[in-house]
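Listed next: structures, encoded as structure tokens.
Shared between the two complexes below is chain A, which has chain B as its partner in the first and chain C in the second.
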Partner chain A sequence: MGIVKSEKTPARAAPLSETTIIGWMSKNLFSSWFNAILTIVTLYIIYITVKDLWIWGISDAVWVAENRRECFSISIDGACWAGVITWMDNIFYGRYPREELWRINLGLILLIVWMAPLWLPRVKAKVLIGVTTVFLYPFLAGYLFAGGDKGIFMQVMISAAIVCLIGNTLHSIIGVTSGSSLDDFLLRKLGKQDAPEKSQHRILLGILLASFVVVYLWQMSWSVEGVSWTKWGGLFLTLVISGIGIASALPGGIILALGRRSRLPVIRVLSTAFIELFRSVPLITVLFMATTMFPLFMPEGFVLNKLVQVIIAVCLFNACYMAEIVRGGLQSVPRGQAEGAHTIGLGYWGTMGLIIMPQALKHMIPNIVGNSIGLLKDTTLVSIIGLFDILGMLRSISRDTPWLGLHKEPLIFGAILFFLICFAMSKYSRHLETKLSTDHKK
Partner chain B sequence: MTDTDKQETQLPQEQLASAISTEVIIELSKMNKWYADFHVLKDIDLVVHKGERIVVCGPSGSGKSTLIRCINHLEKHQEGSIVVDGITLDQNLKHIDHIRTEVGMVFQSFNLFPHLTIMENLTLGPIWVRKLPKAEAHANAMKYLERVKIPEQADKYPGQLSGGQQQRVAIARSLCMNPKIMLFDEPTSALDPEMIKEVLEVMVELADTGMTMIVVTHEMGFAKTIADRVIFMDEGDIVEENEPNEFFNNPQHERTKLFLSQIL
Partner chain C sequence: MAVSDSGKQSEHVKPKPEFDFFNDERVRSVFYQILTAAVVGWIGWYLFTTTAHNLEVRGMDSGFGFMGVEAGFDTDFKLIAYEAGVGTYGDIFLIGVLNTLYISFLAIIATTILGFIIGVLRLSNNWLISRVALTYVEVFRNTPLLIQIIFWYTGIFSILPRIKNSLDLSGGSETVLLNNRGLYMPWPVPGDLMWMTGVALIVAIIGVIVYRRWAHKRQDETGQILPMFLPSAALIILLPGMVYLVTGSPLGWDLPVLEGFNFVGGATLPPAFLALFVALTIYHAAHLAESVRAGILSVSRGQSDAAMAIGLRNSKVMSLVIIPQAMPAIVPPMISLWMNVVKNSSLAIAIGYPDLVAVFMQTSLNQAGHAIEIVGMTMAFYMFVSLTISGLLNIYNKRVQLVGR
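Right after this comes the complex of A and B.
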């Protein structure tokens, strides 16, 4: 017997327990007597804990005091935040000369200006902006932080960075206001928008070179006082080490991963050996090797500064971890993608750069960010080999005469700081994932 | 879908102008291919003329996909020679790259690039490989999108399209490279019956333009309509090769008879 449905079944609203908070609570928290009691007991435990923390950390805490003794005399049970607050500059900047702090702040502002276009809608060529951030910004910031004499190489890189920064900023302003790009804008202003592509390229190259020369001449007379790396410290140093580590890890990891998947045996074996060697050794060992063993192998009088050694070690170590993440990402892209790319005539690099890598990177975002968070936290290990990064600074508070023995508060402050940074990073990665997922939206 | 449904897939039954020239465009001789120990293709000899439309059929595992994948070197053959458009396929990467720009291919699983819009999928090859200016590549892509009847989808992503639409985009993507030869590797096997028809229509229209085509398919109705020659493969051999009327009405080989009796 056949059944024929004569009317369409109308859609109805979802049950209340799916849509309202009270519905959710009665379903998940108070569904039975036992669950209701559990809920109340749990709430009570949370209340006690939070209340004690509140009393210690906020209501009974001392915010302003000369030294630890004064803290105690004001409130014996409360936290002594006064110590942390007095040391705040040290926690953030280490022993960097106080009158030169503007350089660090300027470096940070420049980074924000440089990278802001990545988050602005309507700005084109974001990949290029990202690449210049990794390859040019470090030179400008590096000189700003270290100062001193500029070698010819540094002068060139600094000029390139400044030109790039200016171009970048103009480009984003044009992008936001008109949705166009800097080169289109320049060509239109010169009335050359209809000229053949070759002469357009020549004009743009000319403008680029001219601005480079101008900036180069200008920067020759500009210099800032040298600050020895031994004075770098605090959160600033932590961010420098981990920032360089994170920024260099991806390019390095991509090269190593491609090497490991290469069809050429020598390249494959070398990459694999390199990756496995670094991955099977703890970071602290690599750091010790870099700072104490490495100079032994070097010729007499060859002195590398410790910070550079540490940064190189962190970069290599992290590139190896990243290489494995990249390899996993590459394997997650179906083989048909490469075949599709081959059939439209793309060679190895075209296929990798245009088809495989962009898709693989998307899959890798959670792992890349996870790795970056791990690296940020791991850099605190450098305090063991005598660099005063944020952890080193927090711990030296307790050895400062007025604040002798003040351990808890600085470390809690550090924990909060790390949590904020890392949580922001992981939130951002989730945001990126949803933003970049084009293949799932229907 | 049952086999009788397949046969009934309606196609425009136009008489195709026979535009086959005597010029040889693909020539395989004594071509052998192994997957490790497994001998997939055995002493394959095949000559394809310019403008010829060939349908390759056969049971699964007979080596028909591998055969056409060898023609654009997605698979490496171990013995014998493959000459495409006057160029011998060897280890020379330049030759391989050249042949791939001249040979378009459409896959069962479409293999569109999910991170790019339809328009970007279509213009990628022309811009990066053929070095066409963007505007020209764009106009060209639009022309082919109109030909496969989905110009309105240009700015969507492949994931937003139906299977039939994706396959038509894949055909357009290959055509944008302006190839001399088109290979089709079971282009309708992953599609719903309704979508099979729209894809086959596009392929019939393409056949009308005189494109050299090699099509691996189970669509026998389609084979009857457009093929100049049907090739039947079994266990790595070309068992029978004939023009479609003879092939379907008067098969010679026992294996062919068995195959046809099962699918028709």
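Right after this comes the complex of A and C.
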């Protein structure tokens, strides 16, 4: 005879260790005598550390003072943040003329406006937006930051950048509101959405040219005062150097990595030698090489300024690291993908550009972001060869007469700033990794 | 490859590959290679001629003759005998190389130990401990090493008490002292018969190896497990200890003694060395901890479950099952991290520890010129170290691959 229950057995309540705080604590903090002692000792150490840091950095700290002596007279054990606060502008902008700071801020805002569509939903052609950021934004920003006379080349590039920026912005607004793209929108407004493709292209090209001409004429009416690169500094300079390094690393890295995987021995050997040379030496030696040897390489009378030398060095160095990341990403794509692409008749560039690279890039995101964080941190090395980047500025506080000997506070401030930027970047890359992942595993 | 049109395929006639000069793969590959070689060669030739011309215009000579010229400056810290004005730039190069290798070697050992500890703590089942380890890793990984080095130097080691009020780390005996001039320690001075203790130590180590081999063999044959740790430790400590005592304790200590305004005798490590050592260790240990954690996590849970099921103790599960399988995932990143320690030790230049870059690439270059030779030699040194380390890595990878997979 079988006993069959007619009603469902009610679920048992979850064990206490899973639901209550005390249960959680007894499982994770006090599971054994040894663990309990460890927990208590650690808690005590944390308490002491946090208390001391609080007293030094917050409660007893001096926020407003004229000089370091005054800091001491107010509080002998507290941090003297007053020095950092007085120097705040220098830390962020270096010795950039104070009345021209709006140019740096505007440059930053333009970058945000330019890149924001990449994160917006329903916007099409994000790759194009990304590419224009890399290839056109630097000209506009470069002119904003450096100023001075615009040559013909710069005038053309600046106009192209402005046209592109306006186009981008309109495109993203249309994209977010209606989900269509700028060209569709324009054609519909002109009532030509049914016209043959060729005349559509002609119309769009016309609009592009007309707006370019208008912008070109308009930009001739203004110019900004030149600011010598020697006045650049602070976080601004750090971001400029690392920004150029990061933006140029991917194209450079892809070329070097393809070279290293090439079937042609000459190209392979040259790329490998180049990559291994730069990867095996410290960045500081590359920077020294740039500042001492580049002048010897240049023809007579042609002088590269130190900033350009440094940027070239950083770009070469970072491209080699990126090349290895790209190579790793390419290797992670199964062979069958390339074979499949060949089967449907794609050539080398078609296979690479349409099949291999898009898959490889996805695998490389964590490493690319890690490398960019590394570069941002390594950019502080330029302070050793005499550029006043953020670390150079932080260190000059302790040489400034009123704040003589103030070392700790500026460095801690700089460390916190870097921590915030780098930590946010790495968290974002982890988020991106899970978002783009098409793996079946969770 | 030449592809014929599809109409012919139905007749099962194999299309005859036509030799198309412009689209032939071999012709193209040769052409691209010659083109690349020509461009690179032209750039090289151009740089060479401009540089030669520039050197001539500026009246600079080239060559390695300067290596024999006396260098007129001294360094704070050196491992070989050297005197300013007598020693040459060659000596300076050697000092720099040795200083770089010295700090890198010590920092690598400390990094490896600390990194493994933090990595294991990250996986602790005590929530608080794993959080503390995580905080350590995130804080030190996400701030620039250079800021950390300068912080340890200017914020800690150079504002220590003066000589008169040195901190006594030896607990009242005033033998290990820390002050703003650095760390002062006793230094061993071996006596006449000290070599016998050394020989005894070597004999003891060989004895331990022989004992282990024998014990393993015995375990394979009989299944009996012999105690390993205690006999080994006893042999290594007791044998040299007894020889040392029998020969009459032939080891003297050179103690640091305060004479006038400074300490004399003993061994000294300058503040810059201490700051660099601490910063390199802490920074790289945070990176290593992540590799260790990832390596241990890469061993599937079933392995430890199975090991427990056949009755192994917790410590044996770790040492016999988990660690051996985690090592292939830990060692390659660890070895490239060691390379990073060597490379990052060049940041010494920011705080004045006389490593290769500081004494050779900066000071010597400023005084003697010869930028190309000096930059080349410095880079060659780092490339040599890098090649050695990646050679080690290749040997290890080969061994791991032979074992299985």
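The working rule: the second predicted complex is superposed on the first by the 414 of 442 C-alpha atoms of A that agree within 3 Å, B and C clash if a C-alpha of one lies under 4 Å from a C-alpha of the other, contacts with A are read in each partner's own complex, and residues count from 1 in each chain.
Here, a contact is a pair of C-beta atoms (placed from the backbone, for glycine too) under 8 Å apart; a residue touches a chain by one contact, two chains touch by 3 or more.
Just so you know, these numbers come straight off a predicted model, no measurement behind them.
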First (chain B), second (chain C), both or neither touched by A:264: second
Touched partner set for A:355, first chain B, second chain C, both or neither: first
Which superposed partner A:28 touches (first chain B, second chain C, both, neither): second
Touched partner set for A:197, first chain B, second chain C, both or neither: first
First (chain B), second (chain C), both or neither touched by A:346: first
Partner chain in contact with A:173 - chain B first, chain C second, else both or neither: neither
Dominant contact partner of chain A by residue count, chain C or chain B: C
Touched partner set for A:207, first chain B, second chain C, both or neither: neither
Interface residues, chain C side, partner chain A - complex: 29, 32-34, 36-37, 40, 47, 50-51, 53-55, 57, 125-129, 132, 138-139, 141-148, 150-151, 154-155, 159, 339, 343-344, 346-347, 349-350, 357, 361-362, 365, 371-372, 375, 378-379, 382-383, 385-387
Contacting residues of chain A [partner chain B, same complex]: 197, 334, 336-337, 339-347, 350, 354-355, 358-359, 362, 438-442
Footprint of chain C on chain A - complex, ascending: 28-29, 31, 35, 38-39, 42-43, 46, 263-267, 270, 276-277, 279-285, 288-289, 292-293, 295-300, 373, 377-378, 380-381, 383-384, 391, 394-395, 398, 407-408, 411-412, 414-415, 418-419, 422-423, 426
Chain B to chain A touching residues, read off their complex: 72, 74, 93, 97, 100-101, 103-105, 107, 109, 111-115, 124-125, 128-130, 133, 157-160, 170, 173-174, 176-177
